[in-house]
Amino acid sequence: MNIIIWIIQLIFVPVISPFCVGFIRKIKAKLQNRQGASVFQPYRDLWKLLHKDEIISKDASWIFTFAPFIIFAVTIIVGASIPLFASFLKNTLTSDLLVIVYTLAIGTFFLALAGMDTGSAFGGFGSSREMTVSALAEGGFIFSLLTVALIAGTTNLFAISHSGMFTNSKYFLSIALAFIGFLIILLAETARFPFDNPATHLELTMIHEAMILEYSGKKLALIEWAAANKLVIFVALAANLFFPFGIAETVGLGAIAIGIIILIAKILVFCFGIGVLESCIAKFRFFRLPDLLMVAFILNAIAIGLIR
Amino acid sequence: MMNILFLQLLMSTMFLTLVSLHLTKKNFIATVSYAIQSSVIVLILLNSFFETKNIYIFIVILATLIVKVILAPLFFNRLIKKNAVVFSASTYLNAPLMLIIIAALTFIANSQKLTPLTGIVPGNQVLLSLALSSILLSLFLIINRKGALSQILGILSLENSILAFAIFAGLEQSIGLQIGVVFDIFIWIIIAFMFMSMVYKHFGSHDVTSMKNLKD
Amino acid sequence: MTEIITSAISFFSLIILFAIGAIGSLLFRKSDKLANLFGSFFAIAGSLYGLIFSISAIISGSVLSFSFKLPAFPLLALSFHIDLLSEFFIFVISLIALFCSIYGIGYAKHFYQKYSLGALGFFYNFLLISLFLVVTASNGIFFLIAWEIMSLSSYFLVVYDKNDENNVKAGSLYFIMTYAGTAFIITAFLFLYKYTGSFDFAAIKANVGLIPLAIKNTIFILALIGFGTKAGIIPLHIWLPAAHPAAPSHVSALMSGVMIKAGIYMMIRIFLDILQPAPVWWGLVIVIIGAVSALLGVLYALTEQDIKKLLAYSSIENIGIILLGLGSALTFYSLNMPALALLSLMAALFHTLNHAIFKSLLFLSAGSVINEVHTRNMEEFGGVIKYMPQTALFFLIGSMAISALPPFNGFFSEWLTFQSLFMGIFQLQSFVQWIFIIAAGSLAFTGGLALACFVKAFGATFLARPRSLEVTHAKESPLSMQVGMGVMATLCLLFGVFSGYTATLLAKIGKGFTIFQNTVSPIAVASNQGINITNGFASASGPVIFILLVVVLSLVAFAIRYVVNKNQKIKIGATWDCGTDLTPRMEITATGFAQSIVTIFKRILKPSIQHEIEYHDVESRYMMKSRSVTLGVGDIYHAYLYKPLHKVINVLSTRAKNIQSGNINAYISYIFIALVVALLLVL
Amino acid sequence: MEILFIISAFVIATLICLLSKRRGVIEFFSAAAAGIAFFESILIALKVSVVGIYSSSVLFSVDSLGAIVTLIIGFIGFATAIYSIQYLRQETAKGVIDFKKVKQYFILLNLFLLAMFLATTASNPILAWICIEATTLSTAFLISFYNKPSSMEAAWKYLIINSIGLLLAFFGTLLYFTSISQAGSGGLISWQLLLANASHLNPLLAKIAFIFALIGYGTKVGFAPMHTWLPDAHSKAPAPVSALLSGVLLNVALVIVLRFKAITDACVGHLFSQNLLIVLGLLSILIAALIIFNQKNYKRLIAYSSIENMGIIALGFGFGGIGIFAAVLHMIYNAITKSALFLSAGTIFLKYSSTKIAKVKGVLKALPVTGILFLVGFFTIMGTPPSGIFLTKVFILSAGFAAHPVVAVIALLLIVILFAGFFKHVVAMVFGEKPEEITAGEGSIWLLIPPIVLLLTVLYLSFFIPPFLYKLINDVTLHY
C-alpha cells in the first residue's frame, strides 16, 4: 500500500505539471477571446521535443549538457518531498522547509550556469537577472514558509500540513499576510507576470527564456518540463500549507482519492488565478521588482512578529 | 657683623654684574662684568679661607682666579677682536620688560615660599636668596639672549652663582673635587671658545637664532 | 595507544616537526627545490600528526593540561590547556594545513629563482606553529606571544611577493590593524589581570566572580574589537580583502580558512567559557554584528572582479554566519536555555569547520587558475573549464558547498544556524525576538546573494569563451595541487553526507564546556544519519538527500538517453549570434553580472563611475581616440572611519612638531618652565 | 682593581692615538681597550652579583644597577669600536674625512667611553657629575665631527642645553648634602653615605633637590620636554657615536637619576618621585609618538624611538613593583637593540649617503643583510615577539594598571600610534625598488658582525637571562 502511495507521490508532479501549464494558457487565451490550444498541448510539445535532434554550441562545456538532468531531477525530488494529497506520510528526511528551498536552489544554480555556458549575450544577462530575482526572493520564500512553520511548531512541511492549527483563528492575520507574501514569491520563482513573461522572446524583457535560448530537443524538453514541475510544486505548497483541508490524514483509499481530487481542484483554482492575473497586469520594470520582493519579505516578517 | 656686610656687598655686586650682563649691548662690557663676577667668587672663597684657615682652599682660589678671572675674559676678548663682533646679538625682550622680569625673579627668590632653600643656613638667608636670584637671573639671561657669547657667559655665571650658593649654604666639597670642577669648567671654556669661533665660521655671526635648520 | 598519542610529549613532537621544517628550509635556502620539499614535507608530516592527535584526543575525550614556569620572567608561564574545543580547532588547523601544504609543493614551484623558498618554508611553518599555540595556550601573556608570532609570520607571508607595490601596502595595512587589535586584547587581559590577579586562564575563570559587571562589559567590548579585527568583522575588516589576496594562494587559503578562525576561537573561549555568566546584550550585539557582516560581506563579494578579493569578502560573510551561531549561543545561555545554546554553538563550530574546508578549496583552485592565467582579474578569464577541467570541477564543488546547496557540508551548518535562529524566534519574546527575526532574514538574503555571487565567480571564470589570450595557454595544474584540491572537494561532500555523525561529535565537544556539562544534547541522530533537532522541530538527512539525488539523476538520465529514443543525433553548432560574429566581448562579464544587484543596493554600496575620454584632436572634440570607464564601489569605512582617524593623528603630529622649532632659546625655556612647574607643584 | 685596568687601558689607548701616525695601530689599540673594558666590566658584574656592592677604592663603588650599566657600556662600547673602524674606513674611502679626523675620532671615543665607565662606577655624586660633564665635553666634538653647519648646530645645542641641565643637576646634588651635618669637612660624601643620612634631609628640600636632579640629569636622559637636543645630536653624529649616545649615555644619566630617586624615596617615600617619573615618561612617549608619525629623517626616527623607550623605562620605575624589574630589563634590551639599529642605519647611510627617508628605497635589494637586520631591529624594538621587549612592555603596563589604569591605557594607545608611524617609514625604506645609481651588495663583513652579534644577544636574552644578571636585576628591584 505504502509503496503505491509513494509512487503516486513521486510521479504526481511531473504527470500533472504540463496540464497546469496548458490550463493556464487556455485561461489566458479565453480571456483574450482566443480559442487557444488544447490543455493537453504541452504533453504533445514535450513528446515532440523529446524525439527531436539537438544542436549544442561548440563553446558549451559539460555543464551545459549536465544541467537539464539535474534541474529536472531536483524538481522530481522536491515534488516527492512536499505534502501533496497525503499528510500522513511522515517524511522526516527531506521535507524540511530549508531542504526544499535549497534543493530548488540547486536547480536555479545550474540553470544560471547553463545560461552563461554558451557565451551568448542573452544567456549571460538571463542568468544575471535570474540570480538577482531569486537572491532577493529567497528571504521572502523562507520567511513565508517559516511563518506557518512557527505556527505549527515544526519546520517539517508534512507535519505543518498535518497539524490542524488553522482551526485557531488568532493566527488568521499572520497566515493571511504570509500567504500574500508567498504568492509574490510564487510568481517570482515560477517566472510569471509581473516578474517575467513566459511567452516572450524579447531580449530586453526575458529572464527564464533567455537562459534556455541555446537549448533544443530533449534538453529543452527537460527544462520546460522542470519549469512546469516547479510551478506545480509552488502551487501545491501554497495550497497545502495555507489551505490544508482535504488532505488525507489517515491511510485509506477513500481518503487518498479525495485528497488527490481536492488537490487537483485547488491547483486548478490557483492556475486559474494565475491566468487571470497574467491577463490583467503588465510586466514590471526590472528595477521595480526588488520593491515587490521586499514587500513580500516585510509582510512575512510582520506575520512572524504577530505570532503569539 | 662687619663680615656679613662685606659679604652682602659682594653678593650685591654679583647680582649687579648679572643685571649688567642683561642690559649691556657691548660684548666687551659683558666679558668685563663676568670678570668682576668671578673675582667676587674669588673674594668669597678668600673669606671662607680666612674663616677656616684651610690652606688647601688657597689652591682652589688660585685655580679659580686663573681660570675664571684671567683666562676666560682674555679668551672671549680675543674672540671679540678676531671676529670683530663689538655688539652682541639682540634680545627677545626690550629693556623695560627685562627689568620687570628681573625684579619679579628677584622677588620670587626672596619670597617666603623658598625658605627651605634659602634658610639652609639661617644666618645667611639674605646671601642665599641673593645667590638664588642670581641663579634665576642667569637662567633668564640664557633664555633671553640671542648672542652665543651671552649664552656662554650666562652658563658660566649660572655656575658662579651656584658656587656662591654652595659656599654660603656651607656645602663645599672636598678640595680635590672642587679642583676637579674648576678643571671641568676650564675645559668647558676652551671648548665653548672653539665652538663659538666655529659657529662664527659657519654662520657668519654669533646669533644663535641663525641655527634653526634642525627641525622636527 | 591513544594515551601515548594524546600526551604532552606528542604535542611537543608535533610542534618540533614544524620547527624542524622551518629551520631546515631556512638552512637549505640556497637550493629552492630542496628548501621547498623540506619545508613542505615537515609541514605535511606535522599536520598529519596533528590530525591523528586531535582525532584520537576528541574520540577518547581526553583533556590535556601542562605548564612550564620560566624562572626568569614573572607572570609568564608556558602553560597549555588542551580541552575538546582546542582539540577541535587543532583538528581544523591540521586538516587545512595538510592539504594546503600538499598543494604548496606544486604551487611554490613558480617562485623558484624569484624569491627565497627558504623564507617561505620558514614563515609558513612558523605560522602553523603559532596557530597551534594560539588554540592551546592558557596563559594570557603566552597566548599574546603566540598571537603576535602568528601575525608576524603571516605578515611576512603577505609581503612575500614583495616586488608588487600593492602587496607591501596591503601588508602594512594588515600589520598595523592587527597591532592595534592586539593592543585592545592586551588591555582586555590587563583588566582581567587587575581584577583576578592572574594571567592564567584557569585562574581567571575561577575568580571571574571578582570582576564587577561594568568591567566585564568593558572587557567584552575590548575583546570583541581585538579579536574581531583578526576575524574580520565589519567595519574592522578593511585589511582582510587587501591582505588575503596578496599572499601566495595556499597561504591565503590558510589565512582565510584557519587564521581568522583564531579570532573566533578566542571569542568562544573568553565569552562562552571564561567570562560566563554574561548579560544578554553581549549575545545580541554579536548576533547583530554577525548579521551585518554576513550581508555586507556577500554584497561586497558580489561587486569584486578580483577573484581572490571576492573570496576574501566571502570569508567575511561566513565569519558573520559563524558569529550568528555564537551570538545566539550566548543569548540562549544568558536566558538560560542551555540546550538551545549548545545547538547554536554546534552550528557555529560546524560552520567554522566547513568554511575552513570549502574556503581553502576555493582559494586553492582559484590559485591554480591564477597560476596559469597570471592575473586575478576575472574579466580576463572565461572558458577556463576547457583547459583545466579538474580544477573547474573542484571550484564548482566549492561554490556549491559555500552557497549551502545540499548535500554538501555548507548546507548543513547553515541549516543548523538557521534552526537555532528559528528556535530563537520561536521561543523568545519582544525585541530579542525581533533581533533574531532580522538576523534570520539577513541570513536568508545572504544565502541567496551568496548563490548569485558564486554563479558569477564560477561562470565568469570557467564558462563561455576565453576573454584573454593567456587563458588559451592554460594547462591543468600538477598532481600535488590536484590531490590537495581533490581531497578537499571530497571532504566537502563527506562532511555533508555524514553531517549526522559530525553533529554528534560536535555535541560532544560542546559538552566539554563547563557551562554545558549537564545539558541534554538538543539533537538526535537517527540510524539513517538524519539530524533531528529538539524533538522534531526540524529534521534532515544528508545521506538520503544525497542518495535521492544520485538515484533520481541517474534514473532520469538513463530514461531520457536510452528509453525515450536512442537514435537521436547531436550536432555541434555555433552559439546563435543574431547574424553578427560573436566575440568574447559580447559575453557577460563579472561586472555586468553583478551590475543589477549593485544598482539595487546602491545606497549601501555607493557605486562610482568615472569616464575618461581621450580625443585625437583636443580642440575639436569629435574624434574620440579612446574612452575608459572606471566602475568602483565606495569604501564608506575608509571615508567615514579610518580617514578621519588618520587625519586627527596627522594634525596632532604636525602640531607636536612645532615643539621642535629649532630655536635654542625656546628649548632652554622648556627646561626652565619644566623646572618652575615642578617646583610650584611641591612648594 | 678592574676599574683601574679599564682606566689605564683607555688612557694608554688615548695616548697611542695621540702619538701614533699609523692608522692600523690606532684602530687596533682603541678596539683592544674597548675589548679589555668589556672583559673587565663582565668581571665587575660577576663580582657585584656576589658581593652586592663592590668598591675597589674610596673613589669607586659599583652597585647592582651600576654593574648592569657598566656591562652595557662595555658590550656596546666594544661593538661600536669594532664597527667604527670599518665605518671610518668607508668614510675615508668616500673622501668625507681625512686621517686627522680619524685620529681625533678615536681619541674622543676612548675618552667618551672612559668617562661613562667612571660616571657609573664613581662612588661620589660630584665625581659622577664631573664625569658626566666630561661625557658632554668629549662627545661635543664627535657630534660636530663632519664639521658641516648642521652638525655644528647640533653640537652647539647639545653643549648649551646639556651644560645648563648639568648645572641644575649640580645644584640639586649640592642640596642633597645638607643632610650631612659635617659638611665641607673635605670628606668624600658617597652615595651610600647620602642614602644612610637621607632621613636627616628636610623633606621639602629633598623634593626640591630631586626636582633639580631629575630635570638636570633628565636633560641628559632625554626626557621630554628636555629632550630637544637629542634628535639633532643623534642624527648628526657618526652612526657609531649615535649608537653609543642613545644606547649607553642615556642609561648612564638615568642611573644617576635613579640613585637620587633612591635617596629621595628614603626621605619622602616612593609616591613623589614615582609620580614625577610617570609624568615625564608619559610626556616623552607622547611627544615621540606624535613626532615620529610624520618624521622625514630615519636617524631622527630612531632617536625619537629612544626618547620613547626612556619614557617607557621611566614609567616602569614610576609604576614600581614588577615594573622596576621590567624597566631594568627594558633598559638592557633597548640599549642593545637601539645601538644595533643605529649601526645598521649607519650602513644604510654609507650606501645611500642620505638620512632622508624619502631618498632611501629598496634597502632589501641594495643591502640584503643590513635590510633584514634593520627590519629585525625594528620589530625587536617595537616589541614584537619573540623580542623580550614585548614582555617588558606588558609587564610594565600590568604593573601600572592597578594604580594608574588611565596612564597605562594612554601609553598603550600612544605606543600603537608610534608603531604605525615607525612601521610606515621602515616599510617605505626597506621594501620597493632601489634607485638605479645605488649598486647592490654589502660593503664589508665588519659592518655586519657587530649589529648581528648585538641582535643575537637580545634574542638570547629574550629567552634566557644569565643567573648573575638575573640576580643583579632582582637586587636593583629591591633597592630602587
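In order of appearance the chains are A, B, C and D, and numbering begins at 1 in each one.
Just so we're on the same page, a residue touches a chain if its C-beta (ideal position, glycine included) is under 8 Å from a C-beta of that chain, and two chains touch if they have at least 3 such contacts.
Worth saying up front: this structure is predicted, and the values here are computed from it rather than measured.
Student: Per the contact rule at the top, check every chain pair and give me the one with the most C-beta pairs in contact.
Tutor: Looking at every pair of chains, the most contacts join A-C.
Student: Which one chain sits nearest the middle, judging by mean Cα positions?
Tutor: C
Student: Distance between chain A and chain C based on Cα centroids, please, to the nearest Å.
Tutor: Inter-chain centre distance comes to 36 Å.
Student: Just curious, how far off is chain D from chain C if you go by their C-alpha centres, in Å?
Tutor: Computed value for the inter-centroid distance: 44 Å.
Student: Calculate how many whole Å lie between the centre of chain A and the centre of chain B, each centre taken as the average of the chain's C-alpha atoms.
Tutor: Distance between chain centres, rounded to whole Å: 102 Å.
Student: Provide the C-alpha centroid distance between chain B and chain D, rounded to the nearest whole angstrom.
Tutor: Measuring from centre to centre gives 31 Å for this pair.
Student: Residues touching two or more other chains, restricted to chain B: which are they?
Tutor: Where chain B meets two or more other chains at a single residue, that happens at 139, 142, 151, 208, 211, 213-214, 216.
Student: Of all the residues in chain D, which ones touch at least 2 other chains?
Tutor: Residues 156-157, 160, 164, 204, 208, 231, 291, 294.
Student: So, with touch as defined above, which chain pairs make the list?
Tutor: A-C, B-C, B-D, C-D
Student: Which positions of chain D touch chain C when the two form their complex?
Tutor: 156-157, 160-161, 164-165, 168, 204, 207-208, 211-212, 214-215, 219, 225-226, 228-229, 231, 272, 276, 286-287, 290-294, 322, 325, 364, 379, 384-386, 390-391, 394-395, 397-398, 401-402, 405, 408-409, 412-413, 415-417, 419-421, 423-424, 427, 431-432, 464-465, 470
Student: Chain B touches which residues of chain D in the complex?
Tutor: 124, 126-127, 130, 133-134, 137, 140-141, 144, 147-150, 152-157, 159-160, 163-164, 167, 170-171, 174-175, 177-178, 183-184, 186-189, 202, 204-205, 208, 231-232, 235-236, 291, 294-296, 300
Student: Which chain C residues qualify as touching chain B in the complex?
Tutor: 657, 660-665, 668-669, 672, 683
Student: Using the touch definition up top, name the residues of chain B that touch chain D in the complex.
Tutor: These residues of chain B touch chain D: 52, 54, 56, 116-117, 120, 135, 139, 142, 148, 151, 155, 158-159, 162, 165-166, 169-175, 177, 180-181, 184, 187-188, 191-192, 195, 198-199, 202-203, 208, 211, 213-214, 216.
Student: Applying the document's contact rule, which stretches of chain A touch chain C when the two form their complex?
Tutor: Going through chain A, the ones touching chain C are 50-63, 69-70, 72-74, 76-77, 80, 92-94, 96, 98-99, 102-103, 105-106, 108-109, 112-113, 116-121, 123-125, 127-129, 131-132, 134-139, 141-143, 146, 149-150, 153-156, 159, 213-214, 217-218, 222, 286-287, 290, 297, 301, 304-305.
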